[in-house]
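In the two assemblies presented below, subunit A is common to both, partnered first by subunit B and then by subunit C.
Now for the complex of A and B:
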């Protein structure tokens, strides 16, 4: 009973994510309007047949903006996760496998980075780099690297002592080959859980940076920037805030559910 | 214990030193020229810019500038705001109380809701009540704090008219009214983790031998839950609550900005938006130092809560 209900939620999460990703990916074909096309005569129009979700104060179609905003949000989050996972995995595996001076220097340096509350560090780095979505992505990637590195390092420390690694060494394989071809596939499930959960968090953090005006710059928009824009017209048209807000929530909830389900499966497999 | 505390305090020094170097380096990596910002961002003559650079010692090598900044910071002087020409330390001191109130209120609210809900969820593990509470926690965790804030503003300020939407009030009671909505938004965001930790701790405690013994002795269910199980479940919660201070410190940045509250968070955001380096450097250093100290305090409190832990 318990299992079936849990998998219903995960199934729903999967369907929602697929739908939102599809809508965003296909935005150029699927969106009924150009997201930046202003039509002041239709300013703040209510939802109707012409505009499914209505328009914002500049008369731009909300549904189209939501789809295009999703493109920016999802693509940026994907980049943050891809960049931080690639760098963090390489550093973590190297630190865990090689140990020594490299490991202790890296650990000390990351201790300092982890002394910063995560979003605070991202804020300061984004401020130094200047406004813009590229810089928001770069700063969040920097913030996520130490966490992935730690995870991979500790996983690698366990794997290093296992017979298959010894066997690889005895066969004279290079360190790089053992690290990436042998250890990495064995710790990949652990990494996958982290990636799913980080994807949700990076969407929240990106939205925060955009909300504070440090992320995307007009005319490009994402869900965080749409939320920030909606504040002027909150009383007249709350749907302008609710639509991007709910979109963020749905994606983040879904990724959290997926991450939890993956972790559960991983733990059951380990116990078996 | 006192010796342990002192040793831990000394261990903070290198971390704090490296953090200050990192903050200084990151802010100075910025491509924009502080002299142009100081001149007001307008087209200024080279002479004006040169005069400004000389006055603020911007021509000094960066290490020397760092030493001057860090040396003054040790004496409590964090420099002067580029934009407002005020002492950053006094700006922080002025804005600290409202941020502390906000953090404290959110913490109390979050724990007041998370602990009972966590106990209820654990006591009904797998049943509808548990599922509903877990789903609620997931939704709260996944909602950006500014969205929760905006929705709360909409419902409680505009539609119901119960609470003020913006700014801060004068006097304690009035101020608490202004801070209630922001605190709820922040509390909802940190609720999920506390709830999960309480629930897991309770489930573990309820399965343990001493709780089974207490149940077998025929003690009332409430006594077993609260007196026996909860006391042990609270230990991991104290660690998590300490770690969440960092989360709260960044959460206030967003909440203060959303609700127009003049605390440390909005000081930092304003500083960032106007490239006011001394403000960014000073506030960040202050927040990081506070974060490190709180985490140390939590570690030390741990021994006070759990008699099994003794530091030496």
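Now for the complex of A and C:
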């Protein structure tokens, strides 16, 4: 019973993610309008056949903006996750496998970083680097590294004690080979769960940075910036806020669901 | 004296020379666990030596230090270990990596966990072959497959593509042997290679090790708790007790006429020699732990020949002639029962 309910939710999450990713990826073909084309005569038009979700204050087609904004948002989040995962995995495996001073220093430093809320830290870094989507991506990547590092470190500490690692060492395999060719594939499922969850969160954090004006700069837009723009007309046309807000929520919740489902699967497999 | 001690630790050496090896492990909440308490060993090229002792006697800790496999974070290793004349304590980690697998190789107790669970067995054998002989992927694969066939694996092509969990323990241990010997090392350390396996495949595995190592001219250290296993398979044997070597000598003579009461006890407790229906013999008491200190002979509390001085004075390992030696005050006067 519980299982079937869970898998329905996961299936729905998968379909929603696929739909949103497809819409964003195909935006240049699928979107009916240029997202930046203003038409002041159609300012704040209600949803109609011409504009499925209506238009914003400047008469830009909301559906098109949502699709193009999704491109920016999803691509940025992908970059954040890719960068932080690459760096965090390397650091975590090295810390777990090598141990010693390197591990102690890294762990203490990251403990300090983890003590601050991620978004606050990202704000500080982004503010120091300056406005712009590149800097927002860089700052979030930095902020996401400690979590991945800690996860990989603890996973590596467990693997390191397994006989296959010692056997590899006894065969003269180098530390790098053992860490990346032998241990990494064994901890990859764990990493995958974290990546799925991080992807959701990085969309949320990116949107927050953009909302605060530290992320994308006009004319480029993403869901966070769209939310920010919608504030002026919140009472007249709440759909301008609802559309990007819902998009963010759906993607974040879906990725969380996927991550949880993955974890559950892995745990049952491990227990079996 | 020193000279005598070295020669009882057998042969002139040349390949491996261990002197005064001590290994202890730091513990946060207690004093260090002293697993190995000063052993000497020597091994020549192509020789075979059995290292026999109960669990906890320090066998594994001793052989692991030959490959420098101990975790530097909590293991303290002292004494000298020379491999082909080179002091391995002085080698860089990179040089050590070059030594492992190529000069010294090791087979572990449990084959089911000694292979990486996420890769096919064939891939892992090919990986070892590729590294050992500097071959590219395809030729390494072909070579690995040929090794599979040579090791008597039934339908090697099928087994080659299976994962470790789809193998039987015996088959996996065969694969481990191939991996360990891929680089034709000078020395193979087999740490309880058949303990985790069915008794029925035990002989086959030992046979395979023997065949393969003879073909390559590889020396062997066979670590085992089962003194019955070593009988016809090694030239020399060393018996360990509480972190020390208590007796060493040519295997046949050592089994026939042990010179240390502990060796006699081990032989005595082998099944098959008791009167039908009688209880199996055991050595009374239990081996001292790694935390215990003993002023006298560590075996004294369990020894049926114990004398006064055994409890106060630790016996040194003494040369007894004919390549034999024992660490027992009464080694010269006792006549002990062996087998065969």
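Please note the rule applied: the second predicted complex is superposed on the first by the 272 of 272 C-alpha atoms of A that agree within 3 Å, B and C clash if a C-alpha of one lies under 4 Å from a C-alpha of the other, contacts with A are read in each partner's own complex, and residues count from 1 in each chain.
Note that in this section contacts are C-beta pairs under 8 Å (C-beta built on N, C-alpha and C of every residue); 3 or more make two chains touch, one makes a residue touch a chain.
In this text the structure is predicted, and so the values were computed from the model without any measurement.
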item: Joint occupancy of subunit A by subunit B and subunit C, clash or fit; value: fit
item: Arrangement angle, subunit B at one end, subunit C at the other, subunit A at the vertex (C-alpha, nearest 10°); value: 100
item: Which superposed partner A:105 touches (first subunit B, second subunit C, both, neither); value: neither
item: Touched partner set for A:12, first subunit B, second subunit C, both or neither; value: neither
item: Which superposed partner A:166 touches (first subunit B, second subunit C, both, neither); value: second
item: Subunit B or subunit C, by number of subunit A residues touched; value: B
item: First (subunit B), second (subunit C), both or neither touched by A:248; value: first
item: Touched partner set for A:174, first subunit B, second subunit C, both or neither; value: second
item: Touching partner for A:52 - first (subunit B), second (subunit C), both, neither; value: neither
item: Touched partner set for A:22, first subunit B, second subunit C, both or neither; value: neither
item: Superposition-derived minimum Cα distance between subunit C and subunit B (Å); value: 16
item: Subunit B and subunit C footprints on subunit A, overlapping residues; value: none
item: Subunit A-facing residues of subunit C, complex; value: 67, 69, 73, 93, 97-102, 105-106, 108, 110, 113-119, 128, 131, 176, 179-180, 183
item: Complex contacts: residues of subunit B adjacent to subunit A; value: 15, 18-19, 22-23, 26-32, 126, 131, 138-139, 141-147, 150-151, 153-154, 158, 246-247, 249-250, 253-254, 257, 268-269, 272-273, 275, 280, 284, 287-288, 291-292
item: Complex contacts: residues of subunit A adjacent to subunit C; value: 99-100, 162-164, 166-175, 182, 185-186
item: Residue numbers on subunit A that touch subunit B, as the complex places them; value: 2, 5, 108, 111-113, 115-120, 123-130, 200, 204, 207-208, 211-214, 224, 227, 230-231, 234-235, 238, 241-242, 245, 248-249, 252-253, 256-257
